[in-house]
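Shown below is the structure under consideration.
The letters A, B, C and D name the chains in turn, as written, and every chain counts its residues from 1.
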Amino acid sequence: MEVVIKKGWSREEMAQNIARDIPDGSYVNLGIGMPELVANYIPENREVVFHTENGLLGIGPSPAEGEEDDEMINAGKKPVTANKGAAFFHHADSFAMIRGGHIDICVLGAFQISEYGDLANWSTGEPKAIPAVGGAMDLVQGVKHVIIITKHTTKDGKPKIVRECSYPLTGKGVVDRIYTDLAIIDVTKNGLFVKEMAPGVDFETLQSKTEASLNQY
Amino acid sequence: MEVVIKKGWSREEMAQNIARDIPDGSYVNLGIGMPELVANYIPENREVVFHTENGLLGIGPSPAEGEEDDEMINAGKKPVTANKGAAFFHHADSFAMIRGGHIDICVLGAFQISEYGDLANWSTGEPKAIPAVGGAMDLVQGVKHVIIITKHTTKDGKPKIVRECSYPLTGKGVVDRIYTDLAIIDVTKNGLFVKEMAPGVDFETLQSKTEASLNQY
Amino acid sequence: MINKVVKTASEAVADVFDGAIVMISGFGEAGSPIELIHALIDQGAKDLTIVSNNTGNGHVGLAALIENRQVRKMICSFPRTAHSIVFPELYKNGEIELELVPQGTLAERIRAGGSGIPAFYTPTSVNTPLAEGKETREIDGKPYVLEYGLKADFSLVKCKTADRHGNLLFNKTARNFGPIMCMGAKATIVQAKEVVDLGMIDPEIVVTPGIFVSKVVEIADPLSENQLIKEERRYPWR
Amino acid sequence: MINKVVKTASEAVADVFDGAIVMISGFGEAGSPIELIHALIDQGAKDLTIVSNNTGNGHVGLAALIENRQVRKMICSFPRTAHSIVFPELYKNGEIELELVPQGTLAERIRAGGSGIPAFYTPTSVNTPLAEGKETREIDGKPYVLEYGLKADFSLVKCKTADRHGNLLFNKTARNFGPIMCMGAKATIVQAKEVVDLGMIDPEIVVTPGIFVSKVVEIADPLSENQLIKEERRYPWR
């Protein structure tokens, strides 16, 4: 009998890993795309309030088909509902929450993260590309804990955790923790520390897929 | 038969003079004390919305005795009511209205006004006095038309309209028009111009009670 | 008497002039005053600078205004959305200007402009290309960027309920930039799903007090951008 | 589960420490959290810096806190009101510090502190003694003063209605500084006339979203400062 070693976490498992680490009572902003998955995995005994920068605290589950409302959407422009205890507000108040340090955690995607916690996630810097920044630069500066969810490498296998970001920065020294398909990595003053590795992943393999130097606790 | 010449306007007439000049549809902030009288004299066919900096647009008449509400007051801490179409808001929004140039007219009292429209109305500068400024400095900078209501001279007959204010300033070059018991005076780039004199007051008398130079239109 | 209610969208936007700075509410497909924008297309004012979070969708509303070549410059945070077709095309051809502003900075600049605050410091965009050429400053040991208040000549805003004083209520996440854009313009033009009698809106729940509003027009059944995009409609209708 | 409701005012203010900066809501006699202040007197934290528009009335509430020598410094706009007796006396004797701030600047500094804006320019106080020693700057040909955001360790706020998430509704002009002080502190402590079940407050009319609130205590029948002053009461009661 052959033992099948599963290499790396799936998208759902990455989201689960993050959800597991979000404390009860947290106020959380989820970026567009993969970060949105996190909402599905909050343990049932925890109450977490989700914020969307377009003016809602207390996002509920997606509406049933046919129940969508054009005027009830999240930052990704997808239809949402509101939980009990929700509140609507305008954009300046919404970013007062973000910039003012009132949101506990945000989960964002990334193009690159440097070993100093620099983040690049808004522009590839290509001359023909249309730049679009949204709320990312506000989130990384204002939110207490900035968490990244990303595949460990690009589609063509290049490291996303690098010594220095080559793409335009979203913020310098802003990332607190990185959740990839291969590992969970803390960004500390003393460098990157591997907190956990996916089943079947060893430190050497992980380092080989990472440009920046990794440390073990 | 002797002709009795009435010298100067009463407090009520001064307030009436101002009320007469407030256009229909204006948003108006009234200072504490004599300015508050203006609200009583708005002609019936005009709709004027009164603002109080402690968070209400649409102040209505004073409540009947026994109907007062501790939590329904104006900036002078006096009980008020709210008209139809009123709105409550917090202090930052209230001063956004003031500082942002959204209020058409404010009516304030004065210790001194200079011929350049400088206003002193918050402190006599006495070393033992407790300074208190409130919203006066915001009003004079932000409101479109700053109007002063004041006796022409102090209790002991000294001019209040002076060449230069000796009291600490509330704002420099901020006053647009002065309504006193003796005259209505415009503050212009070319100096003070007398728009109207009270019955029985002549220009010479008026100038003799005014330190600054007055001009006639 | 104060009566800010006008009868038609065309009457509401009649004063918009060539070269004006115009704020337009909305985030994605929620809260965009589509009837006011279409009236502005009919009216024809050109060389406009538009302040709006996005650049419009499909070929209707803001996208149609851009397509009709009435817009010289966009000030926005996210010009590239799923249904944005018109702006990217013009931008790549160098036919429209873009001032890219982080979303929170955009919101704060609009609020500042409406609040008499000419400039403020913010941590957002520090050490990024969007801070290049801007004044930075250390306060309590942390770096900040100086940003300036934004003021518009006109704001076009969509809301749920209005009265003749211009007191407004909004609907869910269609509130977004509406209330601050009402503050930020010399003249604020609002389309409301319903205009109610004065006194029908509880003073405790007013979101935008009438002082921030110049004109109101009732549009009882506003078009849905989503629907128009699905149907591939274009404005002017053809 | 999120439950910010605590049982007593003493429990609510238990964490206030010596030397803390504390914002206290209210304007004149409206909106002052008198039960929370009295609990703070019982608790005894001293050397406090208090941010509040006025300096309290008679010998109760904020005035009693000052009289009990727990306050080192007041940051306020109008320290001299009809019923303010305690502060003027101490101030004349040099026993309490005063930072006098124009009311709109006070409000804006509190909002800025709570919004991550470290500093902003304002026209208010330009060319007056209150601008002395402050940086000024010309923007578009007009002079402005640089003012800094205010942040507190605690805010004590009174409101009408709260739920267990800390969503708040206020009552009439007792709203005043409450909502911005909720934003401006690391820990915001609220006394509400009623605590209602989650879901009872319409999300469209929430004035202060719960994210800005740390603790809520229900005080169903708060004392009236006006009444206490008429009765010449003093706290601690004697």
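Definition applied: contacts are C-beta pairs under 8 Å (C-beta built on N, C-alpha and C of every residue); 3 or more make two chains touch, one makes a residue touch a chain.
Not measured: the values here are computed from a predicted model.
Chemist: What chains do chain A and chain D have as common neighbours?
Modeler: Touching chain A as well as chain D, we find C.
Chemist: Just the number, please: Cα centre separation of chain C and chain D in whole Å.
Modeler: The separation of the two C-alpha centroids amounts to 34 Å.
Chemist: Could you state the distance in Å from the CA-based centre of chain A to that of chain C?
Modeler: 29
Chemist: Express in whole angstrom the distance between the two chain centres, defined as the mean CA positions of chain A and chain B.
Modeler: Taking the average C-alpha coordinate of chain A and of chain B, the gap between them is 56 Å.
Chemist: Counting only residues that touch at least 2 other chains, which ones in chain D make the list?
Modeler: Chain D, residues with two or more chain partners: 108, 111, 115-117, 122-123, 170-172, 204.
Chemist: Where in chain B do residues touch two or more other chains at once?
Modeler: Correct list: 56, 82, 88-89, 92, 95, 98-99, 141-142.
Chemist: What are all the chain pairs that meet the touch criterion?
Modeler: The set of touching chain pairs is A-C, A-D, B-C, B-D, C-D.
Chemist: Using the touch definition up top, name the residues of chain C that touch chain A in the complex.
Modeler: For this pair, the touching residues of chain C are 27-31, 53, 77-82, 87-88, 91-92, 98, 100-108, 110-111, 122-130, 170-180, 207, 224-226.
Chemist: So in the complex, the part of chain C that touches chain D is made up of which residues?
Modeler: 108, 112, 115-123, 139-140, 142, 144, 148, 169-172, 204-205
Chemist: Contact residues on chain C for chain B in the complex?
Modeler: 1-2, 111, 113-117, 163-165, 167, 183, 198-199, 201, 203-204, 206, 209-212
Chemist: Under the stated contact criterion, what part of chain A meets chain D in this complex?
Modeler: 24-25, 27, 47, 49, 51, 56-58, 82, 84-89, 92-93, 95-103, 141-142
Chemist: Can you tell me which positions in chain B touch chain D when the two form their complex?
Modeler: 52-56, 69-74, 77, 82, 88-92, 94-95, 98-99, 123, 128, 130-138, 141-142, 168-172
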